[in-house]
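Chain IDs A, B, C and D follow the sequence of writing; residue 1 opens each chain.
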Amino acid sequence: MIIVIKPNTSPEGIEEVIAEVSKLGYEPRPIFGTEQTVVAAIGDERTHRNLDSLTVLTQVQEVLRVQKRYTLVSRESHPADTIINVDGLKVGGPHFAVMAGPCSVESEEQLLTTARAVKAAGATILRGGAYKPRTSPYEFQGLGKEGLRLLEAAKKETGLKIVTEVLSERDVEHVAASADILQIGARNAQNFQLIIEAARSGKPILLKRGFSQKIEEWLLSAEYILAYGNPNVMLCERGIRTFETFTRNTLDLAAVAVAKMESHLPVIVDPSQGCGKASLVSALCRGAAAMNADGLIIEVHPNPAEAMSDGQQQVDFAAFDKLMASLPPFLTLTGKTL
Amino acid sequence: MIIVIKPNTSPEGIEEVIAEVSKLGYEPRPIFGTEQTVVAAIGDERTHRNLDSLTVLTQVQEVLRVQKRYTLVSRESHPADTIINVDGLKVGGPHFAVMAGPCSVESEEQLLTTARAVKAAGATILRGGAYKPRTSPYEFQGLGKEGLRLLEAAKKETGLKIVTEVLSERDVEHVAASADILQIGARNAQNFQLIIEAARSGKPILLKRGFSQKIEEWLLSAEYILAYGNPNVMLCERGIRTFETFTRNTLDLAAVAVAKMESHLPVIVDPSQGCGKASLVSALCRGAAAMNADGLIIEVHPNPAEAMSDGQQQVDFAAFDKLMASLPPFLTLTGKTL
Amino acid sequence: MIIVIKPNTSPEGIEEVIAEVSKLGYEPRPIFGTEQTVVAAIGDERTHRNLDSLTVLTQVQEVLRVQKRYTLVSRESHPADTIINVDGLKVGGPHFAVMAGPCSVESEEQLLTTARAVKAAGATILRGGAYKPRTSPYEFQGLGKEGLRLLEAAKKETGLKIVTEVLSERDVEHVAASADILQIGARNAQNFQLIIEAARSGKPILLKRGFSQKIEEWLLSAEYILAYGNPNVMLCERGIRTFETFTRNTLDLAAVAVAKMESHLPVIVDPSQGCGKASLVSALCRGAAAMNADGLIIEVHPNPAEAMSDGQQQVDFAAFDKLMASLPPFLTLTGKTL
Amino acid sequence: MIIVIKPNTSPEGIEEVIAEVSKLGYEPRPIFGTEQTVVAAIGDERTHRNLDSLTVLTQVQEVLRVQKRYTLVSRESHPADTIINVDGLKVGGPHFAVMAGPCSVESEEQLLTTARAVKAAGATILRGGAYKPRTSPYEFQGLGKEGLRLLEAAKKETGLKIVTEVLSERDVEHVAASADILQIGARNAQNFQLIIEAARSGKPILLKRGFSQKIEEWLLSAEYILAYGNPNVMLCERGIRTFETFTRNTLDLAAVAVAKMESHLPVIVDPSQGCGKASLVSALCRGAAAMNADGLIIEVHPNPAEAMSDGQQQVDFAAFDKLMASLPPFLTLTGKTL
């Protein structure tokens, strides 16, 4: 770390900083500039104390971090793309994944007709929420275990793999018994207890970026999973919260490029949550594919106008068919296949 | 709800919307304006389906909500200020609360010296994290149960009430056994399973606003707690995430005024998290008191420069003494007492 | 507009709102719902007073706008894509434009070598700042008129069209004499006096979105230009300001899709400003092309490490060549040609 | 500046950075840490080139700035509070200023009745927009010169000083002839040509913070004014743009404390724009006063419900009287007087 000392600090003030750096286990190395002095603190920042606390000293202007905070998820530690095995289906590297299905599992008929439709259009993974985190306690909270049963039935019939969200540490075990991928939602992006429990299940995890999570923090949430012994993480960009209100969130497609540069993990894009408007989903899918995303997770519903949750962002079967027909040439250009 | 139809829509297009509104259980009432038609959907929005889904119809421009989404937390349902009983100590209405203590419980000595100091300065509630949610898995995660034991000891010696964060549904029971107030942190502001479990404990809850939670959503998180039978909620404004980087978060003091206008619940302000800089804490405390907040939660440490977490925002005993000495006249002006 | 009355308002309270709506020139139409009353105000919102002011009445909960605020830039008023003639070069519809060149014009050699290089790689328009808006008064402010002279010389030699920023109303005339496109920068996105003056020049205008401008507001800035008689506007998405710090701005590619849906104007993407990192530019160009943008504006410098401004986001000639070689297949897929 | 080299960089890679630092005029000083190497670039950052451009070198991880970018506005260069003379009225230090009046000057009667009312309540400066920057070209744009004439008349009758916004470089001269303080609005917070022209008038300037301007950037806009020879700057915090929609902007009261710590300039707070809701103005005024702001600028209108602009955030005379009556004890506590 670098401790920036304020201009015109007395030698005693500088000495105090040097002593404190030393006391906290780093080797202090002062550099006397033309305008200001800085003290480089030599030592591994990951295993030593964070020196931000030194800003409480009145002569300290700022503390600057040098090292990146994530290790296991970094490209440096693992230069090749990680390819994840989802019950026999590969995701990552050249293998592009399309996860599709309703926002919520609502009924057997709704789920099965959707599963058949998305499979016919080329999807390989079925999404569907059995446990739904809802902003208001008065909104539909999902079918729970019955929803999981329906997802299993859909898998049995269609062969699609299953991705579904888990909301509670106590549900991890039984959700993991039904699902091929555990989704950690945006609201739980820093619910580390849930993340650790999901990591321990050994199942592949789709880790959504939080509403206002910096890319660094998103990678650190993923770092938790790897640190707890589970290397099967798919990062999922799903839009961040900004001042813009025309779209529900602002899909940060540059974050896809950043995440793939900084990390070896596959990156999936959620255009449905990302914009909150069915009419924009197709364009965002093309953009994501062109930017080298490793997959998409798309909300599809037989009749979005009557959906029990988030109908406004779900596409119907015809729109999904058209979208899927348009994707392959973009994938070809980025060297990927469905 | 109000469904806005696009200009130049055919009568058939309008009819389709009217039929859909009717099908979803509302009574449709079209209003033909000079430029556009809108359809008012008559019916209680809280018990009917959300009509946002109708925006998937190409002739629908927008859907506008009429009713507020929260009920139990609203001023309308409970005009008087809620006063919460924290093991005999009143919080809310004219009763101002000062919660103070270290970010993390680090050791017996650290906690007890701090407890004595904040008590001497006038605080009535001791804060201290036993379970710490940390952005990186490599950072100090708290002392856990040993931390709780130390908090109990500090209460026994000083008589201060205890507020501490709970991170896991599985910890609610034993944290509730040691603490007088359960804190739900910003990262768990929409971890509804944890919120529900905490609600069921019956303990008073300090509910922090999420990093990017709108005031409406924060109140809806509180609504969950009331809907699950626990009326003892203190809202806590702790800064939101914005583009500004000089401060760690942007403390939204207007949200204090809004929350007190919209809701009957007490509102506590966390200036330490709110700005992330010890040097700003005192000014923010004065601002919060002047704006009629019902309390403060302040990080205090015997030696912030060497704190194990967030030292940069913790004040030392001398600064806390000075801060506490400056508060009473501001409280007098807003009709409150410590 | 729709005026939402608070629950439990007395008939007199409702009457007062109705009278005020009437007084302000609208025809009031009350709708009595099961929970709340709303008053629809019939009349053209664009030619009447904004009724937001009615929220000062204590019985008014909220005022909801029905009509869109922009007219001339809207798709409704002009369904076909606008194609702009830039001194003989078409931009918009099937005509994709690549604008490239240095952030700042620094010297004759720097500009001419860059002009030749970007022309050879396929760009058709040369960018280069002669007047630079700089956050600090101590930073390089551009060569001014000498910069314009160099741009003219580069045009003369290469045949590239010229786009350059204008910062002052007083400079519009002479900048318009040298440039083919006047750029209004992000800092001036709501400097309406400059926008009006630029509109009056009759020159095509590249209108950058402001740092925190909502899409609606960006379109309204464009509306000013059309309302002042100049239909030749290119919208330019250049990233918005968010909490993310890894990238300089957050490029809002969904805004490209929204702008093209809402408006007939061409939309250009600036990936250089949009991310602030040269290493991300190429991926963002592909994403923009796939999402049907009408062009790109890219910063290119002979030696970015030694650039006088924003070197970190400028690509060198080799990177630009590679980028340009990768674009055509993406354009083919969206039906465009360079 | 500090250049952080990526881990595992070859000695040649480090040499290249050192050579480049040297070439750009700094003295390079490498520090070899346990994990990474950094190169300190010794030299005044304000007079040398910005080294951010070095991030285009693939071995460079990041470039960290050491020095603050502002000088003349900093506390270091001028430890005492600046007190500004506004035509005989002092603002700053112990002198608290209340600026009040309508959003827009609408008519002689509207302005004069308001001027009398705010003067009677204790305001010392009259605000009123003659030139209005409006998001849409179809909204009321102000009375222009006639508005200035009315402001002069109001000054003549009441003795109140005048603050009014200037939108165009071309208007600076005649606005300065009528006004005692020139306001630079949020939309022009980085319109440096207008700022420079206003600086040259020699008049005191009220500089609003931009919608998404960091505190550092706001201070740098002020630095322009001082660098152009005008020391009479009042900073004005007026709310920043965030994701929150209940309030129009998020008033950043911590920025008041920061600005007063970092700079010697007076800081004025605009609660009307800051929240966009008349019902919140009074609480925000109290908060601002408690946090040691040097003044307030408040929108007051004889009949807000019928105001021609921003009625929703204007208070009426009765509310303003009450607000003014509540302020003095808060000012006493912070050692200020009206």
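Note that a residue touches a chain if its C-beta (ideal position, glycine included) is under 8 Å from a C-beta of that chain, and two chains touch if they have at least 3 such contacts.
Computed from a predicted model, the values in this text were never measured in an experiment.
More C-beta pairs in contact connect the chains of C-D than those of the other pair, out of C-D and B-C. Most remote chain with respect to chain D, judged by CA-atom centres, is A. In this assembly, the C-alpha centroid of chain A lies 30 Å from the C-alpha centroid of chain C.
As a whole-number value, the distance joining the C-alpha centres of chain B and chain C reads 38 Å.
Between the Cα centres of chain C and chain D there is a gap of 25 Å. Listed for chain A are residues 212, 241-243, 245, 279, each touching two or more other chains.
Interface of chain A with chain B (complex): residues 20, 23-24, 46-47, 49-50, 52-57, 63, 69-70, 133-139, 167-170, 187-188, 190-194, 210-212, 217, 220, 223-224, 227-228, 241, 277-279, 304-308, 310-312, 314, 316. Within the complex, the chain A residues that touch chain C are 212, 214-216, 240, 242-247, 250-258, 261, 274-275, 279-280, 283-284, 286-292, 329-330, 333. Here chain A touches chain D in the complex through residues 2, 4, 6-8, 29, 31, 33-36, 38, 40, 42-45, 61, 64, 66-68, 76, 212, 241-243, 245, going by the rule given at the top.
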